[in-house]
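There are two complexes below, and they share chain A, which is joined by chain B in the first and by chain C in the second.
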Partner chain A sequence: MKPRKGNPTLERDVTHALFIMPSLLLYTLFSVIPILIGVYYSMTNWNGITRAYKFIGLRNYVKMLGDARFLRAVSFNSRYVIMYMLCLLVLCVALGLLLNQKVRWRGFFRSAYFFPAVIGMLSCGLIFRQIFGYGFATLGDLLGVEALKSNILADPDLAIFGVLFVNLWQGLAIPTVLILAGLQTIPMELNESASLDGASGAQIFRHITMPFLLPTISMILVLALKEGLMIYDYILALTDGGPAGRTESLTMLIMKLGFNEQKFSLAIAESILLAIVIIMVSVVQINITNRKKVYG
Partner chain B sequence: MKKMQWLSMALIAALLLSLSIPALASVDEGTVELFSQKKENVEIYDTILADFMTANPDVKIVQTTTADGTTFLSRVATNDIPDIGGVFLQSAYFNMMDEGYFLDMTGEAFLDAVNPDILALSTYNDKNYVLPLTLNGFALYINMDIYNQHGLSIPTTYDELIANCEALTAAGVTPFAFPFKETAPLGQNFERLLGGVVDHEAWKVSEAVAAGGTHSDNAAFVDFVNKWYALSRYTSTDSLSTDTDDCARMFANQEVAMVFNGTWGNSVYMSLNPDLNYEGVMPPAFGETTPFTCGTVDIALTIGADSKNVEAAKRFLTYFVSDEAAQKFAEGDKNPNIVNNVHYVIPHMSAITAALDDGQFSLIPSTYWPAGYRDELQVLLQQLLLDGDTDAFLASWDAMTVEFYTAD
Partner chain C sequence: MRNQRRMRAFSFVVLLVGLGLIAVPFYLTIVSAFKTNAELYSGFFRLPQGLYLENFSFIVSKPTFWVSLFNSVKVTFVGLLGCAVLLPMASYPIARRMGGSRVYRFLYFFMVAGIFVPFVVRMMPVIKLLNSLGIADQRGLLLLYLGGATCEGVFLITGYLASVPNDLEEAAYIDGASTLQVFTRIMYPVMQPIIVTVLIKNGLWFWNDFLLPSLLLKTPEQRTLVLFQYNFKGEYATQYPLVFACLLVAVLPMMVFYLFMQKHIIGGMMAGAVKG
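And then the complex of A and B:
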């Protein structure tokens, strides 16, 4: 048999490269280039309207780091994302374990807990705004419970928990499905062997279930981090950043600076900083969880 | 492998072709676009456009409507100016005029069809970039059934208003609904009362503060802030979670006796409850200043300077200020119309209409405040509502003013 001409490895690599070219092209056009242009504009004083602008270097970044409103938004996002990630992780694992049990109507329960995922975020926020404002108040009147009569979204210290509740209510669905899928990768015989050897449920969970779930948990945490840092829709629908800016997230601040206050270059600088923070925290998080993974 | 390479090349070509299709599809130079930022006018604009196209079959004109200014700003940023744009007399749009985005319409015949005093107010750098068509003012809307039931009369001073609020509260009626959840209506409420009952040129005080003064130096301002805060207490306990739609519903359902709102609220209340017995009256005097209804040009139309349909756009504007079209629009819009020969008595707003006819009209301060100034003020106002610390509010307002007026 005659040997084939050419380098088959090179041909294969060229073919692979050509296949990823469309995605790479799209990603470059709609992500990389705008980001690079954004970095440039963040170092100017462009307000979104004027055709002429000056290059001002890092002045926007310096101004941002001393701006009380920016720091308040950072504080809000920091607190929010930590609470969101912790609550999401605990709840989705617990829910996943429960829905993995062999019980009657398991299919119905799985569908019911997935239902929130099909509602749009803005619609969900608007629905819960009415629930917090009128639903709970009416319930409070009927039951005579004073705490229910006041709207949590009107309290500057509690509004963050209202937003968190709505976000979790909708945000649990897909991570729970992912956890459920991850639970199917755990070999049954490992659990059975451990059980036969006298391991308790908690020990099985800690030493067998969790290591197998870590890849999934790592992905959920990265997505939760991004979602928590970029939260906008729920806040827009529920509180519009209030009361008194207490729930104004970084994304909301960026939108307002750019479109309401014509401070586009400052808004771009803040969005670039946000992107850098997301990347850095994600890298650290993935590295930590990677060390403890078990691959099935 | 060669077959795979050809396949991948075909995929790339298909992708590039698909990216170019939207660009090809969007080119339609003969169609004029009317860009409106008032969602409540969609139907009346549709009617006017249909009538225009019937009379001018060679012109096609379509309406684009958005609820806020972000889309318009995005289009300006990408140099995609609408043929006809509905704009407002605010710093952002003045910046656009400076940059030459809008056509200078000075001397056009259709400008002669509108009230010359309002036309003069609408000029920028002595040029007419906009065709003003309607005004909005600010009113105190009163449920007359509730007032009559409790023997109250329309207040003309702040003290009378507070006395009415006390009487209503004692009778178990919530005096006011305020949209404190949303920062924009909150800011509107504050600035329109400031410009209407305190200082008809309130922006000049801001300029003085930026030059080294303080708001605390101005006794009228200090008095107004204290009175405004005191008035804000006469509402439901969860006012910080009440928005514009909630307020409208509460007023229309007679859950509250009064609301402050712009004249645009009139059409909302009429549609929510056509049988509601209410009146829009002048805000009461808070101090020495004669109350004006504070507002701005509600509908001001521009033509894009680089529009490819300038002549068609001008034909539409000429049609829009004709007696028949302007009258029809006034009856649908339900705001004070400034086209000459339009005779429209706005239901429930006779007091405001009379005030406008008498020249008791002042421009909102944000006409001349820097872009974003009122947005930042709105956050301070919510903080004032939370803690009631008027001294801290005034100090923060001073600091904010200096920052805005001295920003590069």
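And then the complex of A and C:
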């Protein structure tokens, strides 16, 4: 390990520092500093345009907790994220198990099921908006089914399920591949010896498959939480927050407040609260799965 | 054994149904794109009666389509080039030195911590920042992409390098190679599998992103393909076949790319999953 001649360690130190510098600068300048600026602005009453503003402490944070529109977005978004995470988890584990079996056309199925991931969220949302808006109505007419005739996205109570369906349709692809990758870390012998010992499929799943999948599941849930709480593209493409604001997500509300309605500092305060929630839930979630992994 | 075979047949049927769910929207998009308005109204699920190409020629005749296609290619390409150079460069020293140095360990946690911070929290300040720097356009967009790709990139590449022994490098150092030489000649090829993973993930993000371009690219000359289709949809909302054709044209590059690269893409995602 000792350098042979001259002073290569200095050379190495300098090169390493130069290597890290560009990424570190970009990250600090465009990711870290904006957060700090945001925290400061969230305690002012700046509207984003005028020069003059004053420091108002935590008043924005108090204000939003009494704001009906914000609370409606919180309610929509928390219902949405819970449904999304549950459905995603069940479906991606099921699909992963199915695709891990030696079924016919396995390679083709794997490619096909991943395909939605390469299409953008916006394109996907727009395609489904077209289909929901037009396709289902004609299908309903054709079959004479009353429930199909109306556009699900225009129904105040059902629109959330329309968005959920589209999100899952596309959002399942990557978690399924992650589960597949997780399943392949399970040693074959383990499964085989368990079934030789007379373990049932359910027992194998519970005592062998699940413990191996836990780290993957934990990662999938952390990503799904972030994705579900930040949902924007689909909503913009599918419902634009409607009908009557019933599907207005937090990110969409923040965008509207900050960029269209000149409530810059309030919008930032809301985004900071959202970030704190996401970070806290993620940390709790990772802790829980880590503990299970140790004892499991 | 018979049980297992029945199980497999069942799985096959379930997968087939799922396949149908995935395929139907594409089928509808494709057939609708080849229809006239009247044809669409007479049967949404039916195959088109002939190859009606007017929808496509209308879109292709728009100069803004080609401009936005070019912009998407440009932004994605430059962004990925930046990722391919900067992220391995930053990750290599961190991976090799965080074991023995507090500074590098701090740098690792500092640069990876951002994974948990959602983008909305820095969205508005960063747009203001780019505005005041006078680069609220494609240049700013690329800087945001590179800054945003850092966390996951460093996380994945450092994780990968942890399992790569350093005998090769040590041998090269003893032979008198410089750090730069070791990086470019030895380590970069070694890191290649995980770099592919990082590039695929970021490539999908850059190409398909809507949020950032919608905030930064305000003129038609600057817009990417995703923005083009969003505006097109707004402009021709009532002409369903035309909109379907536009959506089809917009996702076509990705479809073709996936057709040829699917093995690499899925393999890359799985490699990243196991390392992460």
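Quick note on the criterion: the second predicted complex is superposed on the first by the 270 of 296 C-alpha atoms of A that agree within 3 Å, B and C clash if a C-alpha of one lies under 4 Å from a C-alpha of the other, contacts with A are read in each partner's own complex, and residues count from 1 in each chain.
The definition used in the following text is that a contact is a pair of C-beta atoms (placed from the backbone, for glycine too) under 8 Å apart; a residue touches a chain by one contact, two chains touch by 3 or more.
Small disclaimer: the values here were computed from a predicted structure and weren't measured.
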Which partner, chain B or chain C, touches more chain A residues: C
Partner chain in contact with A:L26 - chain B first, chain C second, else both or neither: both
Which of chain B and chain C A:S75 touches, first, second, both or neither: neither
Which of chain B and chain C A:R12 touches, first, second, both or neither: both
A:K102 touches, of chain B and chain C: first, second, both or neither? second
Contacts of A:S150 with chain B and chain C, given as first, second, both or neither: first
Touching partner for A:S282 - first (chain B), second (chain C), both, neither: second
Touched partner set for A:N45, first chain B, second chain C, both or neither: first
Which superposed partner A:Q203 touches (first chain B, second chain C, both, neither): neither
Chain B versus chain C as contact partner of A:N290, first or second or both or neither: neither
Chain A residues contacted in one complex by chain B, in the other by chain C: 8, 11-12, 15, 19, 22, 26, 48, 255, 259, 264
Complex contacts: residues of chain B adjacent to chain A: 1, 4-5, 8-9, 11-12, 15, 69-70, 73-74, 76-77, 91-92, 95-96, 98-99, 180-183, 237-243, 246, 371-372, 375-376, 379, 382-383, 385-386, 408
Residues of chain A that touch chain C when the two form their complex: 1, 3-5, 8, 11-12, 15-17, 19-20, 22-24, 26-27, 29-35, 37-38, 41, 48, 95, 98-99, 101-105, 109-123, 126-128, 130-131, 134-135, 138-139, 169, 174, 177-178, 180-182, 184-185, 216, 219, 222, 226, 229-230, 232-233, 236-237, 250-251, 254-255, 258-259, 264, 267-268, 271-272, 274-275, 278-279, 282-283
Of chain A, residues touching chain B in the complex: 8, 11-12, 14-15, 18-19, 21-22, 25-26, 45, 47-51, 56, 69, 129, 132-133, 137, 150-151, 153-154, 156, 239-245, 248, 255-257, 259-264
In the complex, chain C residues that touch chain A: 7-8, 11-12, 14-15, 18-19, 21-23, 25, 28-29, 32, 40, 43-45, 86-87, 89-90, 92-94, 97, 107, 111, 114, 116-126, 128-129, 143-144, 146-148, 150-151, 153-154, 170, 173-174, 176, 178-180, 183, 204, 207-211, 215, 226, 229-230, 233, 240, 243-244, 247, 250-251, 254-255, 257-258, 262, 265-266, 269-271, 273-274, 276
